[in-house]
Amino acid sequence: MDRINIAILGASGYTGAELLRLLLVHPCVHVAALAAGKSAGQPVSSVLPHLAGRGLPDMRRMEDIDFGEIDLVFCALPHGTAQEAVAGLPRNVRVVDLSADFRFADIKVYEDWYGKPHMAPELQTEAVYGLPELARGRIRQARIVANPGCYPTPPQLALVPLLRAGAIEPEDIIIDAKSGVSGAGREAKQASLFSEIAEGMQAYGVACHRHSPEIDQGLGIAAGRKIVSGFTPHLVPMNRGIFESIYVKLAKGGDAAAVRRIWRETYAGEPFIQLLPEGHLPSTRQVRGTNVCQMNVLDDRLPGRAIVLCAIDNLVKGAAGQAIQNMNIMFGFEETAGLIQTALFP
Amino acid sequence: MDRINIAILGASGYTGAELLRLLLVHPCVHVAALAAGKSAGQPVSSVLPHLAGRGLPDMRRMEDIDFGEIDLVFCALPHGTAQEAVAGLPRNVRVVDLSADFRFADIKVYEDWYGKPHMAPELQTEAVYGLPELARGRIRQARIVANPGCYPTPPQLALVPLLRAGAIEPEDIIIDAKSGVSGAGREAKQASLFSEIAEGMQAYGVACHRHSPEIDQGLGIAAGRKIVSGFTPHLVPMNRGIFESIYVKLAKGGDAAAVRRIWRETYAGEPFIQLLPEGHLPSTRQVRGTNVCQMNVLDDRLPGRAIVLCAIDNLVKGAAGQAIQNMNIMFGFEETAGLIQTALFP
Amino acid sequence: MDRINIAILGASGYTGAELLRLLLVHPCVHVAALAAGKSAGQPVSSVLPHLAGRGLPDMRRMEDIDFGEIDLVFCALPHGTAQEAVAGLPRNVRVVDLSADFRFADIKVYEDWYGKPHMAPELQTEAVYGLPELARGRIRQARIVANPGCYPTPPQLALVPLLRAGAIEPEDIIIDAKSGVSGAGREAKQASLFSEIAEGMQAYGVACHRHSPEIDQGLGIAAGRKIVSGFTPHLVPMNRGIFESIYVKLAKGGDAAAVRRIWRETYAGEPFIQLLPEGHLPSTRQVRGTNVCQMNVLDDRLPGRAIVLCAIDNLVKGAAGQAIQNMNIMFGFEETAGLIQTALFP
Amino acid sequence: MDRINIAILGASGYTGAELLRLLLVHPCVHVAALAAGKSAGQPVSSVLPHLAGRGLPDMRRMEDIDFGEIDLVFCALPHGTAQEAVAGLPRNVRVVDLSADFRFADIKVYEDWYGKPHMAPELQTEAVYGLPELARGRIRQARIVANPGCYPTPPQLALVPLLRAGAIEPEDIIIDAKSGVSGAGREAKQASLFSEIAEGMQAYGVACHRHSPEIDQGLGIAAGRKIVSGFTPHLVPMNRGIFESIYVKLAKGGDAAAVRRIWRETYAGEPFIQLLPEGHLPSTRQVRGTNVCQMNVLDDRLPGRAIVLCAIDNLVKGAAGQAIQNMNIMFGFEETAGLIQTALFP
């Protein structure tokens, strides 16, 4: 099969770097162009020195890319800037957008939470929310896929089948999330300095994080009603990994075993969903560098409640890996192409 | 004032080391004896090299200590071994026990959760559960103080006043706790190796951790009824610090402001309770090396719910510092004596 | 091409795990048997949970493996136990031994530094010291390859060509080495606990580390005379990576440019030697998870001296990756088969 | 004794924070004013939240401080900006300057290495280079003390007595230094982000670091001749700590024992110099948070050479602690006042 030509917009950040790490071993892809505003004109060896010598093109300005030769664009630009960039692409180009810009079916939700007008509302109707395990069919046909946020990926994978099956109550869903620091991006910020992060942890964005409406949208569709969930993110001193502990109320008579049964049915044969056997708990280090989502569930000591535990690598299943999985679906490649890494341990 | 003579049993672990760090600057204490089973006969410089040259006595076997000259013993022995050790002390000696061995008023609870018979039930009646801010009067008179566990300290400090005041519901209390690795102790275990811990995180002891009944005991007394709380501990790649995110149902009409008001009244003048102003979130790095418990509360997006956030240093307010605070109360010293450190940042 | 059958002895440690990570994506290999003394009988999911679900065989005792079906054994046993294990293998089996047991041409050197008699002196004559870039021809024919130590790999790669060319003096070679903690192995030791390692660093094994004679052997052969080098290892709070700073005296008239010229000639076309351009310094994070050795050299402010800097991943080019590279050479596979990873960053 | 009034210029960085941590427990000091350009007008709780509630004054602009009431200024401003600031102070104020601005007796050396003209050459003649153990008498009288750099402190403490005694050769001194990340300061820089630092290490500033001439100045004075030393700094993923491995040529007939003898004579009774017994190696974690410099020396395998090992906390003995030690000497306080911390371990 001929390789498709891809371009990455915003190639100099951590998500861009991770896309490149994965695409360099992808059998069906040729990295044809890299765009990075501030680093335009620089070779990869200056911006991402661990990728030097791998035959990658220099960083360019987006406007210097000839999109006529490009089959797919990965857009890893900051929230609020992707809408205009995607709107500026010719229609022959398919797009996986890793920002939040096309994730909300209801434009008003986007505008309320992101605090700015939507710049491409006509494209929003075309965009498919790309959680592959739950929307494979629609992704296959899509021109624009909105790649899910890192935090929203595990709770949707874990809870959507449960809500659809009525196995948990839609009220009182509490998500306690812990993330590594790469999620904060590569921009120079005091709060992300090593000495501000190492040897300590804290919550942030409590009851106001922008991933809340994205989680609520996914859960709400599954439940067939509006959902407001609790979501509390924390920053943990590690590079990669998201661990989410989700506290749910079971439907009457339900228990962890019933949850596990629904998951097994929903996710049979899924290559990236790892349902752990009883007694084994997820761990971010078991998925580091991989596209896997580990899940398990336990009965809580609180009667009628269960504890759902999930772990992903925020840069892979939470960003670049899922984006490539979406591309694989869009172009009819093996869904696991380029994504068969084993976790880097230790 | 003359200095009192203290002995530490189990001086070679992290809690023992932390007691020594703090006691070395305490104006009213003389460290007269150190016991450490496996390290008996060794100088401090071999076992705790960072304390070399500070005039500390060599490690001994407990049976080689003349307790006639000792005023107070800090017992930092493993759970299950403290009962017999304390039972073997002459009655002139007062005790702060840092294990779980004397924490449970109901001996059956101890025996169920720790899986062994209580070896000193007659002493249990004498023991006072030593959470200073909530039991100062009883501690003053006590001969044996059971120092609270690390995880149970913040939820009791945060929730006991609220339960007493009826400001939160006693059902459906969910505690999501994150701890640094020093809490796992200094014993050589594969699971505590640097390479098994760094760059990753996970939950453990889900719905079965031994600190659950201790939390439930404290909250139950405050509520005047049996409480079962949800408690999920996690291990985070840092040496020190516990961060707990507690999800509670407010009493009808309640809100975060009401919670804050109760705390302010309860803890006015408390030197080690730091109620953060609105908009400031606790962080383990702001309490590292100190005896402070930071607390704040926010209204949840889930209607009728609030999120309580707490941070302590597990080795200080969660162990050695609280033990010294208890000693200060028992002997009539300034309660802050030896405990006026500033956080080590960064 | 048919896949060869390989067995790993000592599969439960970090080196065993890393061999498996790499072999799972190797196109010419089938992992037929795993031996691990203490873990015999257990599935991989218990011992190395990040490798669960990858179709690997359970751990066995070595004596339960049928070596008639095995083409190559990777022996990742501790020093001093590999000699007997390898001696017990049938002669149809080829061996890459990752211990120090077959690294010393002079048995007396082994016995002096490792403090025990050599248990298979007759096999020593057969063993080839397997630094691929410098001994490719001999490796191709070998039945037993002694895989180099982690610390000795970079200084030999950097200095052997220089000593052969007479570009540096054989006296006064000073090697200051820094290693991540995975190099200390997976055994439960207090000194390797997270809390003994994180947030600090120190030297160890100063002027007495067992990698000294291995370095001296390699450099001495290149120089055509006995060499005693200075070697000081340090432990750094990270999982992976070795960084070595080597201080050398240049031959009369020499400079860093001359060194670079010799390297370029020696290593033209080598896939795993990355000679950095002037002004770019090696970094362990640029080689994390890869088989690459990064190198550069700078003129020192001390007249007549140069500073050679090298970085590898101790578990890959310093152990498992190099072992696979040796296997690739022994069996005529592409030398880069299974070794085309991109560094995991961040 | 009445407390003296001190002001800190540049109070919002890591060195400023560390001065405050130490001064808050100093019995003879009152923190009267804090200046921080960008943070002027903000309370300490916003800039250094771990110091909230300790009664510290708000951050101000330097020009808003009434220096008539100030006895001593700690100047923690960036290099190149301290000269003008100090020149602007009234002469009643004594100064400990923590920048490099007054460290060089030869103004030309400053201008060559720092690339700008000296802005207060007339004050340079007045400034005393404040390494307390080696210049106590001159510090006592000084109005302006130039506090030594972090990296230059250990090699001067270790080698100056040896050079004075002729115990080592002044040529071929090789210093391999490893530092924690707080040394890079609190400014938002991509290179200091957690994700650029954690899980990796590298050298930087090789053969061109600005601490080279400072080391050479100190060693040269001791040797009575110009010295050029080799100096290679490395960045290690930890917050605090400097570890230096120094490779020296012994004078004819010398050995490690002779070195140790000279140190013992020179440093008898010094409270902050910890000469370790044979077989004990320095470690940054044993001095974390303290003003101690640990030192030891071993005979090298290279004949006629020795390996000197030193560890300090870069923010204490390498900056704020040493500055306070200098203040103590200048004002006739106990030299250890405010500096009797025990290392924070773990």
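Going in written order, the chains are labelled A, B, C and D, and every chain counts its residues from 1.
In this section, a contact is a pair of C-beta atoms (placed from the backbone, for glycine too) under 8 Å apart; a residue touches a chain by one contact, two chains touch by 3 or more.
No experiment lies behind these values; they were computed from the predicted model shown.
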Neighbouring chains shared between chain A and chain C, ordered by label: B, D
Let me spell it out: compute each chain's centre from its C-alpha atoms, then which one is farthest from chain D's centre? A
With contacts counted as defined, which of the two, B-C or A-B, has more C-beta pairs across the interface? A-B
Could you grab the centroid distance between chain B and chain D? Build each centroid from C-alpha atoms only and quote it in angstrom. 37
Find the geometric centre of each of chain B and chain C from their Cα atoms only, then give the gap between the two centres in Å, rounded to an integer. 46
If you average the CA atoms of chain A and of chain B, how many Å lie between those two points? 39
Which chain B residues sit where two or more other chains touch them? 14, 182, 195-196, 198-199, 237-240, 283, 285-286, 288, 346
Over in the complex, which chain D residues touch chain A? Could you list them? 14, 181-182, 186-190, 192-199, 237-239
How about chain C: which of its residues touch chain A in the complex? 14, 17, 20-21, 24-25, 45, 48-54, 182, 198-199, 239-240, 274, 277, 280, 283, 285-289, 340-346
In the complex formed with chain C, which residues of chain D make contact? 171-172, 174, 176, 178, 195-196, 198-204, 206-207, 212, 228-232, 234, 236-241, 243, 245, 247, 281-286, 288, 298-303, 305, 307, 309, 311, 346
